[in-house]
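Below you'll find a set of structures to go through.
Paired with chain B in one complex and with chain C in the other, chain A is shared by the two complexes that follow.
Our next item is the complex of A and B:
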């Protein structure tokens, strides 16, 4: 008992974060494909060796106890990565993409990971957000921060159209409803000329109080890529989403969602309003997905139906399976892998769906709980009875 | 004598099978009632109808003076009925504490703002809940109380039953329905669990219990009164010894001699 009561150290978690940041910088920095492959090999070998030596248990204990401090370190690590690539458009765009996809998968995680409602239309709701910013930025003077909020709200609103069929069906059947929606959404955009049809639309860049995000920044003789603006806003968004998802999990609401996912009958025998909590999870999840989509529309500067297909929704779901359903840290790691690896290996771009499929199959076979499995709920990190 | 639970002419059909056939059953406050009968005689169906999982086809159920025949499972729990299940229905990946708190739903603040943004007040409620759950588990098994934050998946059957009973008790129900608490356990484990249940009863005289059980030793030991079902009908009622001597009951269990 004495050993278990001893406080876990901060250092394993800190070391893991530093190692991850250094690895990210090196991986993002190298250009030549053989080097990238070598680095990926080294990364995989290091993770397998670490798992074999039992180092991950220490890391996860350290995260369980000191999550707040390690969260701050993780933010610092991301800022360090951004600072290192401060004038590199391509890398900053890539990192920003990782941040925004992470926000979207966090939303998906509330729906599927906690409430057990599978959503195979994640990319569609992401698209609802992106098209919101395309239209509002083009035709209205609505402040852009408000546009983000409206993007999230619209994704939740459009999602509520699905609520009735999703609530009336269970499991696979609810999933099929969302697949149907994903297919409908793309067709709807394609035939809709106001929204640019198959060619899509330009999206005006973000600007807040006259600060235009699409201009490069000059600070004391150092020039920063204009993507730095988007990086900072995306990071703030991710921090906000992370905190909300964390608190949601570590509250009675998170408990309700787990209870109804695991056993609806037992949950209703203890007074849970199944419908209310499924709706809550679905709407909050969609709100986060739409919010991320709205910002991503402005980052990319362009929206088209082909960017929000059913296949893209499958990528979001595979991130969830890869990262560890229910573990926000794992989701960010998995998003990084899924977004960055194909970009660094242009040769396999064509085959990326094959790669994702293989990753998911391998994961389900050898580590069904994902890279970083979800730990048992601790309502307050480091809390002891 | 006022009845806490009263079923009048209660019927429930599954296709051509009458699982409950115009059943009349009254339970007085503070009683411990044994509900017995052969497999398929309608005991679990009775629990499912009372707790609102199944609707009744005919008849009425009143609880604490309220008609709950058409009430939802939620409303019936809110009114003060809680239960355990024949086949353990714990949420195995969740911790012992989490499983018990699921049963305390009605006493927990479910507001979105409270849960997400008033973390200080949430912490107070969490700590109070933790103390209550721990104290309850300690009654059953002090060792288990040291492991409140461990997942329920690793526990042996007897501990799972204990947690299921704690989950049913934490909200302070008026009526507890125990559906075969001894299923899958050894004789010694069953005895131990029944001692625990009697201990809980000892501390809370206002608790009324209906227990479905196949271990007749248990029924004899803890119940005030027994109701015997066969093919959804009540065939006998009374003290265990009298009921066990009843010719109809013997026939139902053993077949015609």
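Our next item is the complex of A and C:
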């Protein structure tokens, strides 16, 4: 009996997922701004009430105990949302964007959250991926799945140019290196004629083995939006990235990265190779960001310098802070909020950089650990802090 | 290259260097008293330049058309407003986070910079477009052979030198300067000597931000145009200049500013493709310098406290 009480139930997590899926469907389905505001208000009120009633503790325990099962449920919930909006181009594009931004923030999370390597050029590496797919799809017959891989590798390669300054500096100094790179990247693609200059480039849609992703699908009389293709691929990418990041975090590599972030000096006293792990984290992170960027380029069909500015990099960092640095589940929730809210409320679209900047300032002053803080690492199976 | 063109480049480099140096000095001052980097410094400069522009519009509406009077009122208003803004930022955003991880200070000032930049873009009338800045200094010029020496540039350089000399006097010859240096050297000892720590920090932030406003007006007068992204650019370069000179040292920051401007000017002259890529080149130099000498030309002694 005592053992049964200790083991958290699956149901709180499951209920939370169902509630989240229903809320997503309603929010994405609503068109009129007053209704959207009302729904957002209801959502915030529900979250606050839930937190006040202490329901979140149950949910997070449930997630900690049954992560695999709840992960499968989360995938099912996302598929349900996609199935509900199967012929709605806009909503599917939005959901796909959320998925790909989640992949990118997962990459950023390895850098910021685990290794403590700062990267304020997230959008630039995303842009490296997107421009890779633009150029390769236009001029070469490279298979598109391979293009994704090349996008990721190129982002890691470009990132490796920054390795020397990033490794030799720390804290604020490292931050300025990546900020300078973010500004450099945007200016570079703007003045560069080969890459389309300020007007940007068209990106050819994805096609795998002759299956063109930019055609609508007809299955037994039901027509699906062509974004469904991209949704499925993005979902697979997110699942892959999530599993990799989670495994990485729990493995001895994650342990090394945590040690490195918390105290570099102590970590090196214990014989950890600081340089090696910083490089690993920076490159894996950039790879994931570039991978997501390459696919996003094909989804959007268009790349332009103005989509990869320093402000966009800061939005990625805002997602990280909002979700709670180091917690992949929190990141996905935060990405959803940050991407979807300005799209649903077009009135605030123009103000989003300002709003997110103010939001992060408020978070840092009042709740620096984020909405869903990273739980304490579990060192042994079944061990609870 | 003929002498006239050379002199033109030197003049250009000096003007750039003066602006970079003024920004870099701010970074160094803040780092001195609080050991923080305030990434919103560049955007305070933008707000300062726009404050000056707004007060110009206000003065024109009031019917004041004497260039000197306008310029002085603009400068005073912009400097005072930014000094106040700097104090508010220090008091309510930087100081509360002193015990938090350094990453939080970094993020909060970075986000504040974004908030300031975006506010200018969104709320200044047509703030998203570059705005013409009035040419208020006398436009007379002297022809020295090929070289055209413009009086306004000379005046700006002289004003910059005067400001830096004034700052130098303030820091080295007054009690306030002594207090600032004491806080920079050792906060606790300074406190036990009866120095009001909070007041000194706020005054330092006011001075640094006032300098940024001055640099912003100078930038507007030199290029006759300002835009909302100006501060981000000057901020990153100013910070790098401060690092190259060794953070915490005023002379280092000034030296760093001129060095950076020199590199940039030489780069523009020597590299044929550099005019289009001049900003790319500047940021590449930032990254390269950080890789080469991460703690500045004058190596700072690092001993990690365990």
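Some notes on this structure:
Simple rule for what comes next: the second predicted complex is superposed on the first by the 373 of 385 C-alpha atoms of A that agree within 3 Å, B and C clash if a C-alpha of one lies under 4 Å from a C-alpha of the other, contacts with A are read in each partner's own complex, and residues count from 1 in each chain.
Convention: a residue touches a chain if its C-beta (ideal position, glycine included) is under 8 Å from a C-beta of that chain, and two chains touch if they have at least 3 such contacts.
Since this is a predicted model, take the numbers as computed values, not measurements.
Using the contact criterion defined above for the overlaid structures, shared-chain residue A:351 touches chain C, although it does not reach chain B. Contact with chain B, but none with chain C, is seen for A:248 once the two complexes are overlaid on the shared chain. Ranked by how many residues of chain A each touches, chain B and chain C are led by C.
When both complexes are overlaid on chain A, the residue A:267 reaches chain B alone and has no touch with chain C. Touch criterion met: A:259 reaches chain B, while chain C stays clear of it. Of the two partner chains, chain C is the only one touched by A:360; chain B is not. Residue contacts after overlaying the shared chain place A:184 against chain C, while chain B stays out of touching range. Once both structures are placed on chain A, chain A residues 265-266 are touched by chain B and, in the other complex, by chain C.
Those residues of chain A that touch chain B in the complex are listed here as 1, 244, 247-248, 251-253, 255-256, 258-259, 262-263, 265-273, 280, 376-380, 385. Those residues of chain B that touch chain A in the shared complex are 51-53, 72-74, 77-78, 82-83, 85, 89, 91-95, 98, 101-103, 105-106, 108-110, 112, 115-117, 119, 122-123, 126, 130, 134, 146, 148-151, 167, 171. By the touch criterion stated above, chain C contacts chain A in their complex at residues 37, 39, 93, 96-97, 100, 102-104, 106-108, 110-112, 114-115, 118-119, 122, 232-233, 236, 239-240, 243, 276-277, 279-280, 283-284, 286-288, 290-291, 294-295, 304, 306. Interface residues of chain A, counted against chain C in their complex, comprise 116, 118, 120, 162, 164-165, 168-169, 171-173, 175-177, 179-181, 183-184, 187-188, 191, 265-266, 310-311, 314, 317-318, 321, 350-351, 353-354, 357-358, 360-361, 364-365, 368.
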